[in-house]
Amino acid sequence: MTNTQVTLVQIDNYGPWTVTPEPRREADLQTLQSRLYADVSQFVGARDGYVFFTRFDNMIAVTNGLDLDDHRLLQESVGNRYPVSLSLGVAADPDPVEALSEATELVQDAGSAQDRNRREILGGEVAEGTGGEDVGIAHFDVNDATGEYTDELNAFDSFIEIEQAYAELMRYMRTAHRSLSFFVGGDNIIAVCPELGEDAYHDAIAHVEEDVGVALKVGVGSGSSAHAAGMDAKHALEICRAEETRIEFSR
Amino acid sequence: MTNTQVTLVQIDNYGPWTVTPEPRREADLQTLQSRLYADVSQFVGARDGYVFFTRFDNMIAVTNGLDLDDHRLLQESVGNRYPVSLSLGVAADPDPVEALSEATELVQDAGSAQDRNRREILGGEVAEGTGGEDVGIAHFDVNDATGEYTDELNAFDSFIEIEQAYAELMRYMRTAHRSLSFFVGGDNIIAVCPELGEDAYHDAIAHVEEDVGVALKVGVGSGSSAHAAGMDAKHALEICRAEETRIEFSR
Amino acid sequence: MTNTQVTLVQIDNYGPWTVTPEPRREADLQTLQSRLYADVSQFVGARDGYVFFTRFDNMIAVTNGLDLDDHRLLQESVGNRYPVSLSLGVAADPDPVEALSEATELVQDAGSAQDRNRREILGGEVAEGTGGEDVGIAHFDVNDATGEYTDELNAFDSFIEIEQAYAELMRYMRTAHRSLSFFVGGDNIIAVCPELGEDAYHDAIAHVEEDVGVALKVGVGSGSSAHAAGMDAKHALEICRAEETRIEFSR
Amino acid sequence: MTNTQVTLVQIDNYGPWTVTPEPRREADLQTLQSRLYADVSQFVGARDGYVFFTRFDNMIAVTNGLDLDDHRLLQESVGNRYPVSLSLGVAADPDPVEALSEATELVQDAGSAQDRNRREILGGEVAEGTGGEDVGIAHFDVNDATGEYTDELNAFDSFIEIEQAYAELMRYMRTAHRSLSFFVGGDNIIAVCPELGEDAYHDAIAHVEEDVGVALKVGVGSGSSAHAAGMDAKHALEICRAEETRIEFSR
């Protein structure tokens, strides 16, 4: 059984900051957001977690293996180097959606995302590592995205296809299979999942193909950390590529 | 009449690189992609252009005011500092979709995105600046996103709402109004548009609200560069906020 | 005759900030400083200028070709993305030392580097580009540094040799030849010079060799920008390497 | 008794890379070097170590608390994100100079810094943490540097004073007191020291004042990591500032 530790990373009072005293240059906001994400990703990634950029002002991370001191250090380090600060909520649960809900509440309960007096909240409890398969990761990509889309359509029309597939998959995996799915660039989507059988993945892929006409394949892995599970999933996806299959589980 | 100059920025042979010789750590790929995007954004933004991260391996930029030497310098500088290289296609047209199509073809004609021998393509022609309103930018956001979603739902369910709105808006603005719309973080979507009247924006907002139940508002600006038009649009959006209107044009 | 435009880049009130309310983590300060330098270097470098990290809280740049609007944009962009702000003084003179003195005074006259009310000063006048040889750059390195030092001594003792050579060269070039010399990493020192003949470089190299026993060689270039002059100097230094000479002028 | 673990971080074959096939833009090299340093500093700093930029192509780190797996991960992550790779040598010894010498030899024995076939060496042994005072840090700065230099002299002449003080201190602390001293920006020098009494610091400060006329003060700390010792030293230096003393030991 999985026991996924999820961290909500929320920039404090970011919306108002972006337009105070005047709207700031968009290129600077984009640079700030993407570099902040990169730094959080390096910090968490070096401890075998995953961070997803999501909305950038609200990032979602899988942080099994990071304790509250690690979270505190991340918060301090960002506070030392950026003009904005972070609030962090942490929770663990066999159900990733439930973990995220608890992590979100910890931050929401301390005040609004646009409350200028709510700063650098740090709340929650970390998972006791079981050393077992606490995290499940499914790595999807689009079948022959380069041949079907990138090399054929204009770059926006390719992106529309991928985006429609993502929007549908994220919604379906959330409601039907209690999984959190994130677009991670290219034609890749990574989902944080509870234990699911092959039929669940078959169902999700079929649903997206019927609904928006985009063919996905998926490699599934599990492990004691997001990185361990994710590498398993990547290798399983390589097997899909090599053997032209649509669903592979690691081992 | 607009004359939007669009640049397609494509990482050469990126997909194969990410899994050679073995799949690379996801956190490193995420860091690499987002920092590369940040650098391109700073370079183009300092010349008053906009870059959208799109798929990260394919970024779309509005580059009025940048000439081919500027593009060449960006390419050289990235080549000096990253383990990957960029191909760039540039084209200008009153219709942003047409401009992007031409820019994409310039890159596609030189080889596949996964052709290991296609490197650092630079092609296209830049717009003669007219000094007029060459670029149209519409800046959308979600009405009371913080109160309705961020402070109420868990962070993923908030994101689902925004993502569904984006997926629908991007598709509708592309097909009905020949505009390129990009999610830029938070609850913000920036669209690059030809000259459109208020009815077009009204139509798009109504369509999204009917289709996915998310209420958007929009500020619209125009100018000689993406930055100039975008700042107009941001100021117009501030007026929407202050006066609780849904569509504002600058001036 | 050269006409070097020099910009002093000073972080506002940095010293006090680093210890308020408590001393901040050294690793964060080092990261902040070096990334800020990198960003300033990219901004100025993309306009064919050079920036030297110097003390990091005070950086010195050669900015021929950048006008005051460029400086203002740099200041705004840094202010949007960092927890610290920059003051900038700009001046041009045939004598680089004189240009720097004027640039420094513009900042000093507005208040102390540790005055918490002095923020984002921007002062000075930019050079009228002559299109001629406004900038002179000399690129020094240590003769066979790898064979003599890096591969032989421990890494600190190698560094001592290079550092002693730099400390002596910087002082001597400043007083004897009105040049500003900067260590730029490895075994490289770049000097911003007025027009100097071969005898001046011969004198400086001989002085360092006598005083601290380190053998330097130098390539000298000139051009309308730091980049143009610096590339000339690099190519001249390559000739020194190929032909085992100690001083080469470009062309 | 201290037991300092030192890591030599050497960029593989960097010198030749910077001029192949042609000399690369200086601004790009500066950006690459300083960002690479920042990344190494964040990685090591998040594990309570210190990294000094030194020559940039050869960085010296105090890495008590980091094991070989941590070093391997740093190497892999840099290899995934930069066009250059790192070799690492690690050693621990009560004498920091001896530790560095051993760390350097591990890298040198595997080949020259300019050997194109020597890549990503990782060698050495890590210290068994004693939980005691394994690291000694002395944090020096220049007495009233802002009042005496920064606000009075031009920015280069201020820098000359600080640089002369650094060059003399680094050499003297190395030979007389077996310490490794590093300029860290502003008017700050951080030394990694074995156990030294107050007389040693008095001697060093007096030596620099006599030799180059610059007055230093110093805070001294010790701890189980560079960060712990360094924070002690920073607090001790704050006491020097408050009480106008020249040498303070923590506690």
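Structure notes:
In order of appearance the chains are A, B, C and D, and numbering begins at 1 in each one.
The working rule: a residue touches a chain if its C-beta (ideal position, glycine included) is under 8 Å from a C-beta of that chain, and two chains touch if they have at least 3 such contacts.
Here is each chain with its UniProt name: A, B, C, D = GTP cyclohydrolase III.
Since we're looking at a predicted model, the values are computed, not measured.
Distance between Cα centroids is largest for the pairing of chain C (GTP cyclohydrolase III) with A. At the chain A (GTP cyclohydrolase III)-chain C (GTP cyclohydrolase III) interface, residue numbers used by both copies make up over half of all numbers present, so the two copies contact each other through mostly the same positions. With centres set at the average Cα position, the gap from chain A (GTP cyclohydrolase III) to chain D (GTP cyclohydrolase III) is 37 Å.
Taking each chain's centre as the mean of its C-alpha atoms, chain A (GTP cyclohydrolase III) lies 43 Å from chain C (GTP cyclohydrolase III). Per-chain CA centroids place chain A (GTP cyclohydrolase III) at a distance of 22 Å from chain B (GTP cyclohydrolase III). Within chain A (GTP cyclohydrolase III), residues 25, 27-29, 31, 35, 42, 45-46, 77 each touch two or more of the remaining chains. Taken as a graph of touching chains, this assembly is complete, with every chain in contact with every other. Against chain C (GTP cyclohydrolase III), in their complex, chain A (GTP cyclohydrolase III) makes its touches with residues 24-25, 27-29, 31-32, 35, 76-77, 80-83. Contacts from chain A (GTP cyclohydrolase III) toward chain B (GTP cyclohydrolase III) in the complex involve residues 8, 10, 14-15, 18-19, 23, 25-31, 33-35, 37-38, 41-42, 44-46, 49-51, 53-58, 60, 97, 100-101, 103-105, 108, 112-114, 146-147, 150-160, 162-164, 166-167, 170-171, 174, 180, 184-187, 190, 227, 230-231, 234-235, 238.
Touching chain B (GTP cyclohydrolase III) in their complex are the following residues of chain C (GTP cyclohydrolase III): 39, 42-43, 45-46, 73, 77.
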